[in-house]
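Letters A, B, C, D, E and F mark the chains as written, and numbering starts fresh at 1 in each.
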Amino acid sequence: MRGLLVGRFQPFHAGHLGTVRRLRTEASDEELIVAIGSAEQSYTWENPFTASERFEMIARALAEASIDGVLVVPVADIHRHALWVRYLEGLLPEFGRVYTNNPLTRLLFEKSGYRVERPPLLDRTHLEGRKLRELLASGRPLGNRVPRSVARYLAEIDAAGRLALLRGAATARSGTRRR
Amino acid sequence: MRGLLVGRFQPFHAGHLGTVRRLRTEASDEELIVAIGSAEQSYTWENPFTASERFEMIARALAEASIDGVLVVPVADIHRHALWVRYLEGLLPEFGRVYTNNPLTRLLFEKSGYRVERPPLLDRTHLEGRKLRELLASGRPLGNRVPRSVARYLAEIDAAGRLALLRGAATARSGTRRR
Amino acid sequence: MRGLLVGRFQPFHAGHLGTVRRLRTEASDEELIVAIGSAEQSYTWENPFTASERFEMIARALAEASIDGVLVVPVADIHRHALWVRYLEGLLPEFGRVYTNNPLTRLLFEKSGYRVERPPLLDRTHLEGRKLRELLASGRPLGNRVPRSVARYLAEIDAAGRLALLRGAATARSGTRRR
Amino acid sequence: MRGLLVGRFQPFHAGHLGTVRRLRTEASDEELIVAIGSAEQSYTWENPFTASERFEMIARALAEASIDGVLVVPVADIHRHALWVRYLEGLLPEFGRVYTNNPLTRLLFEKSGYRVERPPLLDRTHLEGRKLRELLASGRPLGNRVPRSVARYLAEIDAAGRLALLRGAATARSGTRRR
Amino acid sequence: MRGLLVGRFQPFHAGHLGTVRRLRTEASDEELIVAIGSAEQSYTWENPFTASERFEMIARALAEASIDGVLVVPVADIHRHALWVRYLEGLLPEFGRVYTNNPLTRLLFEKSGYRVERPPLLDRTHLEGRKLRELLASGRPLGNRVPRSVARYLAEIDAAGRLALLRGAATARSGTRRR
Amino acid sequence: MRGLLVGRFQPFHAGHLGTVRRLRTEASDEELIVAIGSAEQSYTWENPFTASERFEMIARALAEASIDGVLVVPVADIHRHALWVRYLEGLLPEFGRVYTNNPLTRLLFEKSGYRVERPPLLDRTHLEGRKLRELLASGRPLGNRVPRSVARYLAEIDAAGRLALLRGAATARSGTRRR
């Protein structure tokens, strides 16, 4: 039975890759579905990269690390939590196990009877994604926080320029709202 | 002519019940429509309960209090304020009087020519809903702030566990945004 | 446990009323939910009446027949069959039994584990709705095919005029498409 | 007070232009709003041209005919007839008079209290639009059925090629459905 | 080739008018499209006025200033940044030049190959809009920050009352969220 | 550069498989994206299978045939032809070549500058899908028209029962409309 790992991957980083490698090693006869959440979002501070770009990062990182048996699927938001699990069941190939650290995701899947596990190596993914966006926006190096192929791709698409601009826009808007 | 009371009822509490009882007593020959707003929302800190759960709370509270003549109707958001009154007119059975403390609701209905009144006993509903969600999230008792049947139902569906989790998620996200 | 009867009720007719009466009599301790499907549709040949008007018809017919214990709920289409049962579960108060003659509705509910029964007296509802729309469009009397209160309401809102117009529009458009 | 003329303008033809000229002449102190309906539709047999292309046709035809005082506004469908008039009121600048031959449009506006008139010269617009699409799809000349500037524009964007292709697709699909 | 100026115009103020006048003067043979963004929004603190009201303000201000050659088009949000430029291309008549100070708008248009320029006189438009909403909400005079015809229109529709109310609602909601 | 094959795969049949095999053989260093169109549709006569089920069919058929280098991606409809290519570009990993027999798909991609080719062995795919649905609905064997693994999967999910039911529903509805 396939496993399912859901994330936004803004960007796809070394923690994600380590988790995917571990899951594929521990259960090598079991494919892993990597669902790219909020696929319709892009060019915002929280979701700077399109699903296409995130798919590309994941594909390159998996190729670099010679990991196979992974199905990458972009998934648009449905904005109705009560329908979300059912929505994924209708979209993805069959899966039997869910890996997540997100408490809401855990709750929704458990209510639907799924076995939910904490993914290895991924305790602070959410914070790591934000940290990486901030490093990019500040023009600082990401070091080994992302796979090499991802670092090259981020340079190709000038991620640093985009993030700096989006951080500025988010700050301006937030300032407006604070009033 | 029926009256209309709009709310989100997250959860349905004693203030809501008192208001409904009073309206049904003062105008006993006039049915009351209770519209459950933001019906499509659930599993968020602001809107933790599904429309189904909120409908269930209201149905149980009305049965417990032996109140009849109430039509409960879940209403999804339309996200276009300029169309909202027209949208309700096309969805609900005829009504002639609107009860609300929400100033925007009042403005929109008055622009459409409705008579709008402040509901009795319900001056601080919005605050009360938030207060109750916070009590639930902290695992503290609600006392007589909710009807008994609602308290039992909230225990049945483990509302306290859900609210604790959702408060955590909302705080994490808000922290992200503050950055 | 409540029962659920789903229909479009374009218009609500004597067959519907007979079914509701029977269900309320046979299981008088069990409320019946009457869900008005395609609630967002109106002013088309297939769906001429708004949810508001259909709600009004049902409310008047139930009052005329002194039937209580019925919860009327307008339900907008979700346009995703795979999510439909889950969508209703999140919107309506709890139900345990479903009454339908529609084979797709039956299939979807049975796949979700519901007990589905054929409603009494309602074998040809779909045909009856169309027949009534055609009678209205032709300005012919409906006789006892609809409850008296519904007949009066249809006269009040000039249903005959509306249906004649909508039939004309549907025919014109269908002609266009045939090309 | 402005007048409002609603159409899909697939394509904008000589009948439309004649009507606009007449309305601008008869009420020269009154601007005319030309609303391009189904603005989000394109590349279908019924709606082959984008709103952008239809806007362009109208702009060129008005310039060619030296007609001013016309406000052209693309309007996306809202798919809820009961809200349609209110939707237009929130989108368009104030108008007080509506020109239409479409009986449903007439009904909806009259229910909202508008004065509705039949536009001059435009009795068979709907048929004319279809006729022109068929001529284009067959590669036959449109003659003076469209303004010269529109004919040139249709040639520029290879409307004939597009229509031939879309007619083929519509026929194939209709055949599928007939089964 | 037409120019395109995108804004929300909440409200349309003297800075907007000065920009439009300048652009029409500098390139008098080139029409200017003024796109009213977030057209579906209204009755919120950030977007208090309907597209209809904003269109009306712009039409009156242009008439007062005797500026012609401007095409005003309301444009609803599409909520997918990656599609936004393509969406505008399908909706608006052809344009070849874009005027904006918004860095995200600039980025998206430049990625699509457009020439983007900073509009004259409009460096702080965003701040000016907020400032004007705050003045209105506080009942203070706008002075010459808006064209006279706009000031009169804002008085006609009681903009001050609406803004005071919306500021109150936004503050209450923001307070809720801060918790 | 990857190739892209778009289809609805209702169901995935031997013609599809042959095409995929050929494309993977001819360009073995080039991954192939198989996009499952109308992913949100299911339980209709035209689109009987969920995206999940179609994904499963394709995954099993590729495994049975030992074909790798294929990325399967469900893609929901966007219902705006003018945005469709841009939408796919934002969702899928980079691709440079498109395989299709659908003339509209060809037109839209060519307008966006793509190289479009006819897929080998797939001249009558659309007809084949309909033919297979009809065989299923009639309870007749599919023979070697589908890969063995797909035949087994269709039996597992009782595709024949579902199709028989959906054909009945489609016929009933079509009869209604004909009136």
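Assume a contact is a pair of C-beta atoms (placed from the backbone, for glycine too) under 8 Å apart; a residue touches a chain by one contact, two chains touch by 3 or more.
Not measured: the values here are computed from a predicted model.
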| item | value |
| --- | --- |
| Contact-richer chain pair [A-B vs B-C] | B-C |
| Chain C and chain D, separation of their C-alpha mean positions in angstrom | 35 |
| Rounded Å distance, chain B centre to chain F centre (Cα mean) | 45 |
| Touching two or more other chains - residues of chain F | 42, 50, 80, 82, 89-90 |
| Graph class of chain-chain contacts, one of line, ring, star, complete, other | other |
| Those chain pairs that satisfy the touch definition | A-B, A-C, A-E, A-F, B-C, B-D, B-E, C-D, C-F, D-E, D-F, E-F |
| Complex contacts: residues of chain B adjacent to chain E | 46, 79-82, 102-104, 107-108, 126, 130, 134, 174 |
| Chain D residues touching chain B - in the complex, by the definition given at the top | 80, 82-83, 86-87, 89-90 |
| Parts of chain F lying in touch with chain C, wherever the complex brings them together | 40-44, 50, 162, 165-166, 168-169, 172, 176-179 |
| Residues on chain A engaged by chain F in the complex (per definition of touch) | 39, 42, 50-52, 55-56, 59, 71-74, 76, 89-94 |
